[in-house]
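Naming follows writing order (A, B, C and D), and every chain is counted from residue 1.
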Amino acid sequence: MAELRVRIGALELKNPILSASGTFGYGLEFSGMMDIRKIGAFCTKGLSLKPRAGNQMPRICETPGGMINSIGLENVGIDAFETEKMPAIRKTGATVIANFFGDTEADYIEAARRLAAMDGVHALEMNVSCPNVDKGGIEFGGDPAFLEKLTAAVKKAAAGKTLIVKLSPNVADIRPFASAVENGGGDAISAINTLKGMSIDVKTRRPKIKRVFGGLSGPAIKPVALKMVYECVKTVKIPVIGIGGIASLDDVLEFLIAGASAVQVGTMNFVEPSICQRLAEELNVYCDREGIARVSALVGTLRTG
Amino acid sequence: MWFGADKTMKSKIVSSREVKRGYFRMEFEFSGDAAPGQFVMLKVAEHNDPLLRRPMSIAGLENGVMSVIFKVVGRGTALLAEKRAGDHIDVIGPFGTVFTPPQTGPVLLVGGGIGVAPLLFWMKRNPPRAAAAFIGGATENDILCADEFSEVHIATENGSHGRKGLVTAPLVEHPVYRDKTGYLLACGPTGMLKAIDQLAAKDGLRGELSLEERMGCGFGVCLGCVCDTTGGRKRMCVEGPVFKTGEVLWRN
Amino acid sequence: MAELRVRIGALELKNPILSASGTFGYGLEFSGMMDIRKIGAFCTKGLSLKPRAGNQMPRICETPGGMINSIGLENVGIDAFETEKMPAIRKTGATVIANFFGDTEADYIEAARRLAAMDGVHALEMNVSCPNVDKGGIEFGGDPAFLEKLTAAVKKAAAGKTLIVKLSPNVADIRPFASAVENGGGDAISAINTLKGMSIDVKTRRPKIKRVFGGLSGPAIKPVALKMVYECVKTVKIPVIGIGGIASLDDVLEFLIAGASAVQVGTMNFVEPSICQRLAEELNVYCDREGIARVSALVGTLRTG
Amino acid sequence: MWFGADKTMKSKIVSSREVKRGYFRMEFEFSGDAAPGQFVMLKVAEHNDPLLRRPMSIAGLENGVMSVIFKVVGRGTALLAEKRAGDHIDVIGPFGTVFTPPQTGPVLLVGGGIGVAPLLFWMKRNPPRAAAAFIGGATENDILCADEFSEVHIATENGSHGRKGLVTAPLVEHPVYRDKTGYLLACGPTGMLKAIDQLAAKDGLRGELSLEERMGCGFGVCLGCVCDTTGGRKRMCVEGPVFKTGEVLWRN
């Protein structure tokens, strides 16, 4: 039994396999399909102060090796999350990372304050990169100077809880954004969110997604994600959590070798609901077989040159 | 448990045959129960393309063998149609709400095209309850499983089988519809369901409609399948696919 | 027989199916595998004034639904192209778009002048987006102001020949780059070049590409390409040529409906050497079946809202 | 013509069997000719994942039936191994250079693992020419087709079959090698080929080596398969895979 524990800021995780926000609901939906205590943590659907109905339908479609979504950050809101979801989540024994976003800086700060104070929330993940909602998302994460300021303000509101900042890949160079998170006092970076994409139904000549553009995820984006994660790792000292197209143990290993301290699995939860648990088990078997005593010894072992 | 942490756990296909041109009926082993109205999510290919599972209504479940009936409409269903008895298929489910007509009283089944699948399952589980089935389709080739219902009324758009026109025509003429004692269970294209919903409202009948939508997961986490109802925004895969008449707020 | 001809600047193409630079060699390699006169045009491997040996091996690898390359713009050089390749190419009757690049602005201008003057070259495609070579590529296409200046200078050197400028997708927003090409006097835009990506061999813990990063292409990138092409179309009045992941007639139609005047097929030439010819034939059958008299009537027919 | 504009043109598989654990021999219909040393590019899946074709040396071609021998090393070859007689496979080729030993004189064949495939083809086309074959592999399981050669010398790294050690050991002891009249045709892992190249230089023999590299296209347009030679940078799929001894500038 290899040592799979990893540390992200103040947060200690059982293992480095997490499930990604927006692909794991509020954690409860997977009961009976997998054992949520066997994975490092799960990230909640992105939460906002007020509940949101999200975008109009259709808001998902399939693409080669991936999918596009334009859910529009539908969520129950932080109040309902606290009263209707958290009691049940606490009972599962899951490690909970509350993913959140806001429409304004004040919203972000207030959401972070609320979630940080919530019993059973172990860490926060700030989404500054959702391309779906008119006023949210990309604007917050699109300017390094503003991102640094936002990170600092939110970190203060998080009152000691680990703050992970999740970056957008829809930038020319992700490195200044990684630095902004580090300089703003963020505890960790997670990357990547979805790439902007589009698909057309040629029969109806309509976009397959009502709002035309959506976020591309799944195996198709893995090479882009891995490259950006590697760039973040080379830029900052804080831990980086790798996300994007993970579907197999080899994919997990690619991100760890590139320097990610942990990974999140997104789209593939839809295809194989128990994938995170399977990958955690396979990672353990792999480490034992390869004589790797602690998984952290794998992190950043890429041999270049 | 209906599936394990092992990705390779799959159901063995017992049979697969083309019942009408482009329509297939597939049977596979399935341990566990399911109720009429529910669906399963099938993985059509081993690899990442096509990536997502495909939802299929359960058309029957007996002695550990589940059946589905599907139409080839795209890549996923084309791949499904290539599978043979003895092959394995990766199935998860059952998911979704079930048909819950009142304990007593006659039930009218209305199916459009592939929509007969869940009705067939309901009929098999409740043989004496179905007063009549109404089956519609574009042409004779799109009328499925008609001989498995005892009283059946058929309508095709081109008149090649049964009445010419929409399936709602024979429905509204049926005595059990006209005397308003019939409870409707309907599944089919959105246009048909909307028409039935409006008829039921106008004529004062109650019933349930099984809807369809693109589904990313099938178990409530992707939020890709929502529809608006009188009770707010619902996920079609968890709070549906079966909704009560009068509940759905139809888009356009 | 539908009218498949389309016009890109001064260049009239038999049909809108072209093969993309770097995936079609010098056109000669496909003889016996397809009829090059049946496609709109082919784009040569990127040419430079001096021959280049390209990057070290390994320089390709496969990814989910795509591939990464880091060829490093290996090419025979414009002299050898003229003396060794062009005579044979002229005999094929192909419509030739000479793709080119340089290390300096002066190189670009001189390459354009040479190629524009070459008998049998019908148009030029300027690659400002190759991420593979230390001093070339991204730097030229990464700044709209510079891109505009370069386009204007090269357009002058092109002496009336149609100049297509090929854009990089590795930017936060492609629209200013599209405008830069238009303002600089470019006749058309082609988009997209490859997305930056990375892949690791977990057994050896080495990057699968010697230079670590490479360019991602193939079906995986289609949604990203389509979105960027649509953005270009909405931004400029000059024609846009859509590139990225095209593998089927439906893919071609998606780009045309989004507003591309023509398309280029890249990676899929490797998988199915006759794909461009097949797609041109299928497009003709499609137009006839759908009662579309001229293919240009399809362009930009996306119905939104 | 060996393939058409129609994407669906495929070759019918005549047979496929596992000849050793993890090694398969597949035969499929092939109209047209090919020469020993050349290879074909096989599409292993219908859809986009895995995307690229896989190169395979031609192990035989007789009466319109081509054979290949392959080892399952990854996803592509695993999918190939699932194919059965009667299935179809999308093949393009032949591509690449051919073995061109001098018109007369004894030939020594040296194959490592799956590298015997093109040698087998050469031997079948030139039965009296092969003085001896030298076949090496990690274990007994990796020694392929040994019984199809008349004079054969075997070496395995673990000694489970033939001599323990590398295949170069029996090679250099062979009289036809020692008297320098032998012309070498070798195919196998890069390390083996490099060793043979160096031996040949040292001992003054000539011959040809068939190299391997990841290939994007197989016909010279992706430039993904280059290697440096005394004649400059060459594409392994067009100017190779067969190179003369002394021609390749070995990387590290």
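Everything below uses one rule, namely that contacts are C-beta pairs under 8 Å (C-beta built on N, C-alpha and C of every residue); 3 or more make two chains touch, one makes a residue touch a chain.
Keep in mind the model is a prediction, meaning the values are calculated, not measured.
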Query - For chain B and chain C, chains touching each - result: A, D
Query raised in the report: Looking at C-D and A-D, which pair shares more C-beta contacts?
Result: C-D
**Report entry** Of all other chains, the one whose Cα centre sits farthest from chain C
**Finding:** B
Requested in this report: Report the inter-chain centroid distance for chain A and chain C in whole angstrom, where each centroid is the mean of the CA atoms.
Outcome: 34
Query raised in the report: Roughly how many whole angstrom separate the Cα centroids of chain B and chain D?
Result: 53
Requested in this report: Calculate how many whole Å lie between the centre of chain A and the centre of chain D, each centre taken as the average of the chain's C-alpha atoms.
Outcome: 46
Report summary line: Multi-chain touching residues of chain C, meaning two or more other chains, are 64-66, 219-220, 247
Report summary line: By the touch definition above, chain B meets two or more other chains at residues 48-50
Query raised in the report: Line, ring, star, complete or other: which describes how these chains touch one another?
Result: complete
Report task. Would you pull the chain B residues touching chain D in the complex into a rising list? Result -> 45, 47-50, 75
Report summary line: The answer for chain C against chain D in the complex is residues 22-25, 29-30, 32-34, 45, 53-54, 57-62, 64-67, 69, 71, 74, 218-220, 247, 267, 269-275, 277-278, 281
Query raised in the report: Which residues of chain B touch chain C in the complex?
Result: 48-49
Query raised in the report: Given the complex with chain D, which residues does chain A contribute to the contact?
Result: 64-65, 219
**Report entry** chain A-touching residues of chain B, taken from the complex the two chains share
**Finding:** 1, 3-7, 43, 48-53, 92, 213-214, 216-227, 233, 238, 251
